[in-house]
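When the chains are written out, they are named A, B and C in that same order, and each has its own residue count from 1.
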Amino acid sequence: MAELLQFVFSGLTVGAIYALVALGFTLIYKASDIINFAQGEFVMLGGMMTVFGAQAGLPLPVAALIAVILTTAVGLALHRFAVAPARGATPVALIMITIGASIFLRGVAQIVFDKRFHSLPSLFGGDPIKFGGAAILPQSLVVLASATIIVVVLWLFIDRTMLGKAVIATAANRLAARLIGVNTRSIVDFSFAVSAAIGAIAGILITPIALTSYDAGTLLALKGFAAAMLGGIGSAPGAVVGGLIIGMIEAMSAGYFSSNYKDAVAFLIILVVLIFIPQGLFGRAKVERV
Amino acid sequence: MRTLLATRLLPAIAVAAIVIVLPWFFPSAFYYRIGALVFIFALAVVGLNLLMGFAGQVSLGHAGFLGIGAYSVAIGPTYFGVPSWLSLFAGAVLSGIVAFLVGRPILRLKGHYLAVATLGFGLLVAIVLSNEAGWTGGPDGMTVPKLTLFGWGVRGADAWYWISGTTFVGGFILALNLMESPTGRSLQAIHDSEIAALVLGIDVATKKLTIFIISAMYASVAGSYLALFNGHVTPDVAGFLRSIELVAMVVLGGMGSIVGSLVGAIVLVVLPQVLTVFHEYEQALLGLIVMVFMIFLRRGIVPSVAAILKGWRK
Amino acid sequence: MMILETERLAITFGGVRAIDGVSISIAAGQVFSIIGPNGSGKTTLFNLVSGIYRPNDGSIRLAGETVTGLAPDQLARRGLSRTFQNLQIFSRMTVLENVMVGRHRHERTGVLADLLHWPTVARQNRATREAALAALGRVSLADAADRPAGSLAYGALKRLEIARALASEPKVLLLDEPAAGCNPIETQDIDHVIRSIVQGGITVVLVEHDMRLVMNISDRVHVLASGRTLTEGTPQEVRSNPAVIEAYLGVHGSQEAGRAFD
């Protein structure tokens, strides 16, 4: 029972990160129909920039803030210089562009930073809290709380503000949105920027637990994407639920079966979802009209 | 009649001529190695091009089949005493079977769904290869026994240059044949309009599966050659980066251009050699190349050059 | 002999009964037109009969064989072919190659033979090419054979699709708004083409908005409104049926139309 609780907590923690990555995917997908494979790199950049900023002598909060700002700038640049010029390309071409961007960012991170693993100090110290026989890291609670706050803020924003409505409009019908005066280009800019920011924050939060390195982004992107697909791409609640489910299944299979194959869980889920329920848990199946 | 034959195979004859003539220009024996690598990858790229450029599908996990082929010639001789050439053949058959099993459910998907499904497949292969250390030697890989043909051990980059060059020309000819055939026309039709293809009686699902299997076998043979040539294999051969490199070669050379497959392979095989000291920049450059080509030169090198030449002729 | 029949065919999309119990019987060798106002379900009916949609209810029979729920390629192998309202041309191929694909049903080489380019393949390519050129000739597009399909004018593309469908030697040809977007000259060409097709023994089923073409060429006309059969009959019967006029123009409009002839 204690073991199960342990797995649940570690599953929820890592699941919260996947949920944030998935949320980033979903935001960009909703605003522009693009699958952004560089999403994982935003997470990596958040963590790595903070690490190196702190190493350079900056106080940790300042380093973190700068990391988020810089990563947001990278997200904007990605849209402006790589994605927007290719408007009208096939979905596969656009995926290839974001994959190229992901590899490019990884390659640059490898040169600018280094190839080693790095960590950050936890927010409330590293002593685990005992709960029902399980040991929970305080940082886990920070991650869960922060993820919840981000999700709620995002939801309130989309639901309650004009800008949020504009994002929904752009997602629903780009041309129509433009016709009613929405600057769709800025909306997509905005969605990339926010996704990058969310990713960076997620990266900073998880580094004390899971460490970070120049290539940590790829696996995260894939798992976050699996989560988004599981929940139903285009569905924000689906992204969150999908992330938590994948995190839990991963933790359970690592605990009860084999920890070697834990990474395979997400990929198996991608295949299963795509083959049997391509629209995901919360998505709607599309009818093709001829 | 004979002229018709000549025109159809002209690109193959040109490529064969290049293969034969090129070594005269090699400043040192080292260049045989580069040539061999180019032809090995070009072979895989031809297969992938048939799938992506010609039939309009996508595979972001194609290195998985490279891996199956590569590890077949490692595991076969080492654990089962099966000679290398037979293991190569078995690997190709195995790749075909895996392509059949995986392709059946996922080729129904289109666009980014198909892309991600193939991505997932490739990653799973890489993970299995990395984890099953008992068979594969784990993340550090395993040694690949040298190829012996008729009792003679195949050694040296120059031998592999000729083997891979010949095989590439062979694969090239098969691809050209396919393109000018009823199957080829069906595939092109599927690329342009699946629904029209269906309505004309084309069994779209089977045709897609067929080309997927063919392209998997191309990759498998290339992977086997790679492993035999290097004498060593690691799970990276099936990894995500490898798969993206293959797609980048397709895109660079020109989607649907079989000649472009060679061009794409040349650029991306030669690139790390050119970088030498700066090989750290390899990943960043690969990413940059993919981005630049997909944004600005989506047609690829060969079709773009062909279009310019056609413009000049007017 | 009834070459194509549907019996109480129905399909629902998200709560809307797009086709609601439609039964038609088409005799071989006829030109059978399906007309109706926008949204009446004509193209949906076509999509049902050509296997693109699966009906929720009812049955379809082709040359006496029940074919309900079969996929489009299976129907094609049984002699049903169609063109598309929004054109589904193979834009990357030449005009001739487009029609050569239409010969698929009659091609006999397998993948292995194709890969190795057995002599049978060269022979097959030649035979396909000749048959395709003949089909192009029937729609007066033979001299455009080697041009990229995308370079043709709209009206020519419609004829190209017909040639491609003809190349498969169907028993029944479904033409989905062949005259849509065509000027009067192009529509005349389509009229001639349809007549020559029927003379060749092929049954033609037409969905069309151009009333003059429909009235000139049809043996029987079936009127759909809101997914249901309104009436069926000869062109003359349908043309003078007040319910048909009302369906197209609405009650008010038909009153006005009636007044226009006073």
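Just so it is clear, contacts are C-beta pairs under 8 Å (C-beta built on N, C-alpha and C of every residue); 3 or more make two chains touch, one makes a residue touch a chain.
The shown structure was predicted, so the numbers you read here are calculated from the model rather than taken from an experiment.
J.: In terms of CA centres, which chain lies closest to the overall middle?
T.: So the chain sitting closest to the middle is B.
J.: Where the centre means the average of the CA atoms, what chain is farthest from chain B?
T.: In terms of C-alpha centroids, the chain at the greatest distance from chain B is C.
J.: Please compute the C-alpha centroid of chain A, do the same for chain B, then give the distance between them in whole Å.
T.: Averaging C-alpha atoms per chain gives centres 32 Å apart.
J.: Distance-wise, how many Å sit between the C-alpha centres of chain B and chain C, to the nearest whole number?
T.: 42
J.: Taking the mean of the CA coordinates per chain, how far is chain A from chain C in Å?
T.: 49
J.: Hey, what residues on chain C touch two or more of the other chains?
T.: Residues 52, 84 of chain C touch two or more partner chains.
J.: Counting only residues that touch at least 2 other chains, which ones in chain A make the list?
T.: As it turns out, chain A has residues touching two or more other chains at 290.
J.: Quick check: what residues of chain B touch more than one other chain, meaning two or more?
T.: If we look for residues of chain B contacting two or more partner chains, we find 195.
J.: Spell out the residues on chain A that touch chain B in their complex, using ranges where they run on.
T.: It is residues 35, 82, 85-86, 89-93, 95-97, 99-108, 110-111, 218, 222, 225-226, 229, 258, 260-261, 263-264, 267-268, 270-271, 274-275, 278, 290 of chain A that touch chain B.
J.: Given the complex with chain B, which residues does chain C contribute to the contact?
T.: The touching residues are 50-52, 71-73, 76-77, 81-82, 84, 88-93, 97, 100-102, 104-105, 107, 109, 111, 113-117, 121-122, 124-125, 128, 164-165, 168.
J.: Flag every residue of chain B that touches chain C in the complex, lowest number first.
T.: Touch list, chain B to chain C: 4, 174, 177-178, 180-186, 188-189, 191-193, 195-204, 210, 214.
J.: Could you list, by residue number, the parts of chain B that touch chain A in their complex?
T.: Residues 58, 60, 105-106, 109, 111-113, 115-117, 119-121, 123-124, 127-128, 131, 195, 240-241, 244, 247-248, 251, 280-291, 294-296, 298.
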